[in-house]
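Each structure below is given as structure tokens.
In the two complexes that follow, chain A is the common piece, with chain B as its partner first and chain C second.
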Partner chain A sequence: MADTLQLPATLDALGPIRAFVDAAASAAGLDHKASYRLRLAVDEIATNVITHGYEEAGLRGDLELQAWRNGETLTIILEDDAVPFDPTTLAEPDDLGTPLEERAVGGLGVFLTVHGVDEFRYERVARRNRNIFVMHRQGADDG
Partner chain B sequence: MTVTDRVEQGVTIVAIEGELDGKSAPEAQQAIVPLVPADGKLLIDMHGVPYMSSAGLRMMLLLYRQAVAKGSVVALVGLSEEIEDTMSATGFLDFFTVVGSVASGIELLNA
Partner chain C sequence: MALEISSTVHGSVAVIELSGELDAGVAQRLRDETVAMAGHDGVRTVVFDMSELTFMASAGLRVLVFAKQKLGQGVELVIAGAQPAVAETIELTGFHHSVDMVETYDLDALGNA
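On to the complex of A and B.
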């Protein structure tokens, strides 16, 4: 059994998406920081899908979220039918120590996602993008 | 998300209330850019911001550049632990002056 949420892919969806993830994290007993990092990760990827996958491509569609819980993990699955994009292929920003005057803007969202969750995966399934976020329920604040 | 501003002892204090995400951070940026003083002092009060995504980092980066271009100095106050973690992981914390209270921010910017 999974909890699900489906809503139009606009920036107005971000608040409800975070609320959905927050509820799933609470139900899974994640601590405050782990819950925050999971919210941030899903929000970052959803923002990219909405702005780059749908809006900039002139497309409209939905985002679909699922929350799966077992004894060890909480898994959030985010699916869309926007432009195919695998965030794990994005190079890590290499200017994190560069003064702000010279910093590039962008790439930080995926960086925060990858470093914020215990596991992040991407799959292309049935012409849909599937982003998978996994948090361990034991020792959820390990990293 | 709301933005309010006031001036105390020559320091422009801009207080943000609400979550900063891909929708609200550009709105906050639009509201704050006109408030950045020239040759002045800017204190951004984040006590009312419980959540900030990378869209907020982008906002901070652009505000910082705007302030530097106008010859002003910037400090931040009221960062939640999680927002401080985000800024630390991305190297932002090293480049911003962060203070513990509005009073100490005013003192520091006027020093």
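On to the complex of A and C.
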């Protein structure tokens, strides 16, 4: 059995989504740092889905979250039926050493996601986007 | 927790105190507030007091990029008191090269800088 959360895909959903992830991280015994990184990762991808996948495409729909826990890992699954998009295909920003005056503003969220979780995957299943975030329950504070 | 923004101007220094969580849903408010505060006559430094900020998404970073690009060289941005997790995001993305990060700030020292 997984814990689940389903709610309309608007930016107002971000707070409840973070609370859901925080509760799952606590239940899995993740330390503060790992919990924060997981919250940030799910928040960033959910933000992309809401703004690019739904709103900019003129679509409305839901976000559905699941939290799965086993002995080794905590897995958060985020599903939507917005525009198909695989964030793992985004190139890493190549201007992280550039002064802000010359920066482009895209790609930071996915960068933080990929660097923050132990594993990040995307699947396209039954016409839905599925973003998968995995954290190891042991050694979660190894950085 | 929602984002609370509280701003004050002390001579050439504007201080924007942030409390709560800064995500994409509320970033526009901070963007507007930053522009308004930096627009006060004679303001040369904008301090973001993040000591009570418990979460910051990349939308917060984009506010800083926007501010830096909009306000130009005439205004310095300072981030004060960022909690470790928020500071990690700022450093991971290289923003600490463009924004002064300090633990605490002294209005008199900033005003006279």
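By definition in this document, the second predicted complex is superposed on the first by the 143 of 143 C-alpha atoms of A that agree within 3 Å, B and C clash if a C-alpha of one lies under 4 Å from a C-alpha of the other, contacts with A are read in each partner's own complex, and residues count from 1 in each chain.
What we mean here is this: a residue touches a chain if its C-beta (ideal position, glycine included) is under 8 Å from a C-beta of that chain, and two chains touch if they have at least 3 such contacts.
Only a predicted model underlies this, so the values are computations on that prediction, with no experimental measurement involved.
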Is this a clash or a fit when chain B and chain C both end up on chain A? clash
Now for A:L100: first (chain B), second (chain C), both, or neither, which partner does it touch? both
On the A-aligned overlay, A:T73 touches which partner chain: chain B = first, chain C = second, or both, or neither? neither
Regarding the shared-chain residue A:Y36, is it in contact with chain B (first), chain C (second), both, or neither? both
Per the definitions at the top, what is the overlap between the chain A residues touching chain B and those touching chain C? 11-12, 14-15, 18, 33, 36-37, 39-40, 43-44, 47, 50-51, 93, 96-101, 103, 105, 108-109, 111-112, 115
Chain A residues touching chain B - in the complex, by the definition given at the top: 11-12, 14-15, 18, 33, 36-37, 39-40, 43-44, 47, 50-51, 93, 96-101, 103, 105-106, 108-109, 111-112, 115
The chain B residues in contact with chain A across the complex are 19, 21-23, 51, 53-55, 57-58, 61-62, 64-65, 68, 81-82, 85-86, 89-92, 94-95
For a test of understanding, state which residues of chain C touch chain A in their complex under the given definition. 1-2, 21, 23-25, 55, 57-59, 61-62, 64-66, 68-69, 72, 84-85, 89, 92-95, 97-99
Quick check: in the complex, which residue numbers of chain A touch chain C? 11-12, 14-15, 18, 32-33, 36-37, 39-40, 43-44, 47, 50-51, 93, 96-101, 103, 105, 108-109, 111-112, 115
